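Each structure below appears as structure tokens.
Below are two complexes that have subunit A in common, paired first with subunit B and then with subunit C.
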Partner chain A sequence: MKESVIAILVLLPSVLLVGYFVYASIGWNVVVSLSNWEGLQPSYSIVGFRRYADLLYDSVFWISLKNNLLLILLFVPSSILLGLFLAILLDVKVRAEGVFRTVYLLPFALSFVIIASLWAWMYDPEVGVLNILLENVGLGFLKSGWVTDSSIAMYCVILALTWQFSGYTMLVFLAGLRSIPESQVMAAEVDGAYGFSLYRRIMIPQLKSSVLAVFVILMVFALKGFDFIYILTGGGPGYSTFVLPLEMFRETFSMTHFAYGAAIATVLFVIVMLIVVPYLYMSSRRREE
Partner chain B sequence: MKFPRPRRILLYILLILFAFAFVLPFWTGFTTSLKTKRDVIYTTPVEPPPSLTLEPWIEAFNIMEKPLFNSLIFTSLATIFSCIIGSINGYVLSKIRFKGSDLVFLFFSIGIFIPYQTVLIPLVLTMSRLGLYNTIEGLILAHTAYGIPICTLLFRNSYKEIPDSLIMAAKTDGAGTWAIYRRILLPLSSAPFVVAGVFQFTSIWNDFLFGLVLARGSEALPASVALANLKGTTTAFWNVQMAGALWYALPVIIVYLILGKYLIKAYMAGAVKG
Partner chain C sequence: MSKGHHGAIKTVYALILAVIITGAIVGVATWYFTRPAKANVLEIYHWWTSGGEKAAITALVGVYESKYPDVGVIQSPVSGGAGYVMKALMKSLVLAGEAPDAFQLHAGYEMKPYVDGGYLDPINDLWSGQGWETVFPTVVKDMVKFGGNYYAVPVNIHRVNVVWYNKAVLDAHGISANITTWDAFFAACDKLVAEGMPKPIALGDQGKWAATHVLEQIIASEGIGFYQDFINGKVTSATNTTLRDALTKFSKYLSYVNDNHAALTWDGATALVINGKAAFNIMGDWANGEFLVANKVYGVDYGTFAVPGTEKMYGLCIDCFEHPKGVKHPENSLNWLQVVGSKEGQDAFNPLKGSISARTDADTTKYGPYQQAAIADFKKVTYMYPSVVHGSGMPEAFTAKLDDIMSAFVDNKDVSAAATSLTKAVTDASADFTKVWTLH
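Entry: the complex of A and B
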């Protein structure tokens, strides 16, 4: 048998599985979004883009979209900056580097369910960690409702997520810094670049491709992340921490508005692909060069 | 690069302060899990328990025992299946030249990034039609199918490092496609199997969304959903919740401490959970 025929036969089951569970399912979801399916009984009579038009008048949809944007504007850069800072701290041949790295990265290896549970305890207004600690060190005036205060709940979410993801960004940037040839660093040192200015002028500009990769991965997470917010705040108080994935879940599975939930999912999909496709295209072109 | 001495001290102070910030939630979760309800209320969250109790750990285990067992089963099996499939796909996509090979790879790659919300409704419908809703088998199928893209990527990247000359030499000796895989690639595959295996194990174990929609309140309930349910109740106080969280975290912490460097390899290759 020709090798290429074998190749296709071997790949066929996977292509069918992924084709069904990813591509056909996405198509199916679009069909649902164009139907009038409400309630537990499936219905596929097509009514067109009516559900998408409804979105425009749905205040929870706009709150969710705003919060996703807030995650992109605050969570993504703060994780990148904190990770970069930690990477630079660790890059200068410190003792016990492995221990620090292991500690910083641990939250990222764990489930969002665990991290959300731990932070629910941190933020608990009555007996939780932050308020009690603030009181004990004489900063009682900083006590807060944290995730129960709708005006700051979203920022509490962002803080905890930054805590979880900075270890990951640190890891990527540290590898990036380490891959810069020693000779270049030494040449810059001879030229008088020193300490943090060495990083600012010589090293950080060379991290462009890792920053881009991390940027895309974090942005995609900022859009599709569900577990953490669902468990920490459930979208509350009120709708203050709703994001699109949560809104999709609530409309679909709590309220059985299947067509409407599918429409939200499709919008989410389009936004994510607007980020991912150009990135995949660019990185495949770079590999060819 | 070297920093002068006074600055190096500042450096270590910063590193240690950050380490405290990263450890604090775990530490307070741990101490709280060993306290009685009374002590949780009347002691500071960071101090060790005045009177040690294992009661919260026992209570949490009684609630989480079956879900932890469920998670162990479907996580292990889906990890094994997706790694085997990924290995074979990776071989074909890296070592056999055929038309459309790049296209197939792109076809898989997109699957890594899709937001699962987009496939949630069809997934639930599919599983109910197959009679796999609320079953361990359903979770195995879902996690295997959605694990194929990332496993394929990890194995393909790893196999690309194996020189083609090895393959050519085997071919001139008359080895067929399967023999090359079994006799050349597979013996060199322990590293990628550990990398992909550790990544799949931790991310399937950590999954919440699929468990939530495919196994609500039933025989197949995963530990993640059981823990979330624990948090939702008013009866489970903080000490029990923290003990539950730590029970659920334990397997991943062990894997992380022993095989962390392989997990890091997967992260570096772009494998990130959603």
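Entry: the complex of A and C
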């Protein structure tokens, strides 16, 4: 009994604070999205799902949603695959592994703002290192406007994001690979599994929980990432790199459409929940097993 | 059994204790952050963080401090060009009831959400008491007035319809800077292209607004009547020939700009003119500071002329301060506004800021050569117009979309698509067009 009393005592402040600042705020956001709050003066009279209906006719909303889906479809798998590839390369006991590990992880240690500014410079069509490099190695015909070209800007964003995140996924996968008991690997080798087939049949299947964890983190970032894109392209050219968080910020703070911004936030929240809840369910089931 | 009962009582006690402790923590924290400040201070927010800007606001604060030495001034600068960071921050602060004693805003529609929300107090008494009615031009006064009441004090005026040119480049190609029509301007560009400068116009529209800034001046060049219709939300047809003409001119303009414009900031574009890599750049007169920092002399190394077709106009970008409702130090706030609007305050601030005084009685001897020319123009022009890009002329629900529409146009140069999007954005925001501008 005494232990449970202490447990309650210890938990209560954080439960109350999280309850208020996270869950009550989410509830409040939903209320705002149903209200007629326009302008800076709060107004909570409920007008129903009008804002959500408006969203259906908002072309910028659809472009943003499409770009978020593009992030999920391209950025998430490419970060996972690249991270896995790098982890396997490091796992074969290369010399100076520590150095490589640090080099790969470094991008993730820097803030999004710094990385986005860095890539903005590299992508500069005239003085950026990418075009100059291509020119100098005789591949001048590959020179491009990069983020300033609306037809490929979103892919440039995805490339830069993948670069930043693959070091992190590499680290998670490397830890996963290293946690596989040596005896299993040796047994597999005795059975004739080497190189590629060793990884394909023995190692990678055991990374399931790492992949799942990384998958959820990347998915959530793909949906809520704001700062990186805000700095790198600001959503441009035109609306070509708009994502939902950017649209939410613009509607709320640039146009003072609080109810509308809250509706976008609620949509984002629902999509994130669609991803996170199955993960929580799966991982809790695994723990029970 | 009794042990369990005892345990339950203990649990209840523990719960009560926990509630008390949590309540105490939250209570103390709430009290700490909301307690009335006792110190005699003046807290102001602004986004003037670069070298010259910082010097300018420091000079203005200096005037205040010399008059009110017992008041401590707390400056809270928020970096981010044109205040794009501070605008979002300030809305959160005001909404939370934490408005500072005064904060920087662009005059005109940027003030509207605050006025509509009842967050600003009218300052008509201050205006009449200080005799400001007679020293500020009519359009400038209109920009800080809502529903017949004054809500702010303008601190400066930046001119937006300025073409900056590199004198050495024009001289080398035998081009006169006496350019007053778009035909003459494009002819000069063609000459430069033919003589080996493929991209004679500098543009730096990373952040999007610099492109919109150019379009705004082209719209003004279509005539003050059209500009007035445009900002009053009357241009709602995508087939409007004047609007399409403006977009077509802008499209032609874009064919002369540097390829990396979307990766360049406005000051990077100014640098292209300073270094002679481009001949022209349309930018507000905050660009003058860039030339000064590069040790260039006005009239010798560089020069300016009004955007073709706008010689008789002065496009206004105005910063102002206001008196938020329920501020912690109302008297200090009003005294600050008095200094902001005073001749002395404006003549301390503007020479360093690179802008001119919003008053018509500025002491010109305190200003640099470019500014003296600007002041002369300011007194001479027939029309003044509020900038849209810089928050004044049109509602923010429209302006926020305008930048994205123009960014798309810069990319695809589709006149019909841009005209359709622009007029649709005007129609969508029609309920917000509450000000009726009279510019001529």
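We take it that the second predicted complex is superposed on the first by the 286 of 289 C-alpha atoms of A that agree within 3 Å, B and C clash if a C-alpha of one lies under 4 Å from a C-alpha of the other, contacts with A are read in each partner's own complex, and residues count from 1 in each chain.
We take it that contacts are C-beta pairs under 8 Å (C-beta built on N, C-alpha and C of every residue); 3 or more make two chains touch, one makes a residue touch a chain.
Model, not experiment: these values are computed from the prediction.
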Partner chain(s) touched by A:255 [first = subunit B, second = subunit C, both, neither]: second
Once the structures are superposed on A, label A:145 by its partner contacts, choosing first (subunit B), second (subunit C), both or neither. second
Just subunit B (first), just subunit C (second), both, or neither: which does A:127 touch? both
So, does A:70 touch the first partner subunit B, the second partner subunit C, both, or neither? neither
Based on the superposed arrangement, let me know which partner A:238 touches: subunit B (first), subunit C (second), both, or neither? second
Have a look at where A:55 lands relative to subunit B and subunit C in the superposition and call it first, second, both or neither. neither
Thinking of the overlay built on chain A, is A:180 touched by subunit B (first), by subunit C (second), by both, or by neither? neither
Quick one: classify A:159 as touching subunit B (first), subunit C (second), both or neither. neither
For A:42, using the defined touch cut-off, is the partner it touches subunit B, subunit C, both, or neither? Pick first, second, both or neither. both
Subunit B or subunit C: which reaches more residues on subunit A? B
Across the two complexes, find the residues of subunit A that touch subunit B and also touch subunit C. 4, 6, 8, 13, 42, 120, 124, 127-128, 249, 253
Help me check something: in the complex, which residues belonging to subunit A touch subunit C? 1-2, 4-6, 8-9, 12-13, 16, 39-42, 60, 120, 123-128, 145, 147-150, 234-240, 242, 249-250, 253-257
The subunit B residues in contact with subunit A across the complex are 1-3, 7, 11-12, 14-15, 18-19, 21-26, 28-29, 32, 40-41, 44-46, 85, 88-89, 92-93, 96-99, 101-102, 104, 106-111, 113-123, 125-126, 142, 144-146, 148-149, 152, 177, 202, 205-209, 213, 224, 227-228, 231, 238, 241-242, 244-245, 248-249, 252-253, 256-257, 260, 263-264, 267-268, 270, 272, 274
Using the touch definition from the top, list the residues of subunit A that touch subunit B in their complex. 3-4, 6-8, 10-11, 13-15, 17-22, 24-26, 28-29, 32, 42, 86, 89-94, 100, 102-122, 124, 127-129, 132-133, 136, 163, 167-168, 171-172, 175, 185, 189, 195, 198, 213, 217, 220-221, 223-227, 230-231, 244-245, 248-249, 252-253, 258, 261-262, 264-266, 268-269, 272-273, 276-277, 280, 284
Enumerate the contact residues on subunit C facing subunit A in the complex. 4, 7, 10-11, 14-15, 17-19, 21-22, 25-26, 87-88, 91, 94-95, 113-114, 116-119, 206-208, 258-264, 396-397, 400, 404-405, 407-412
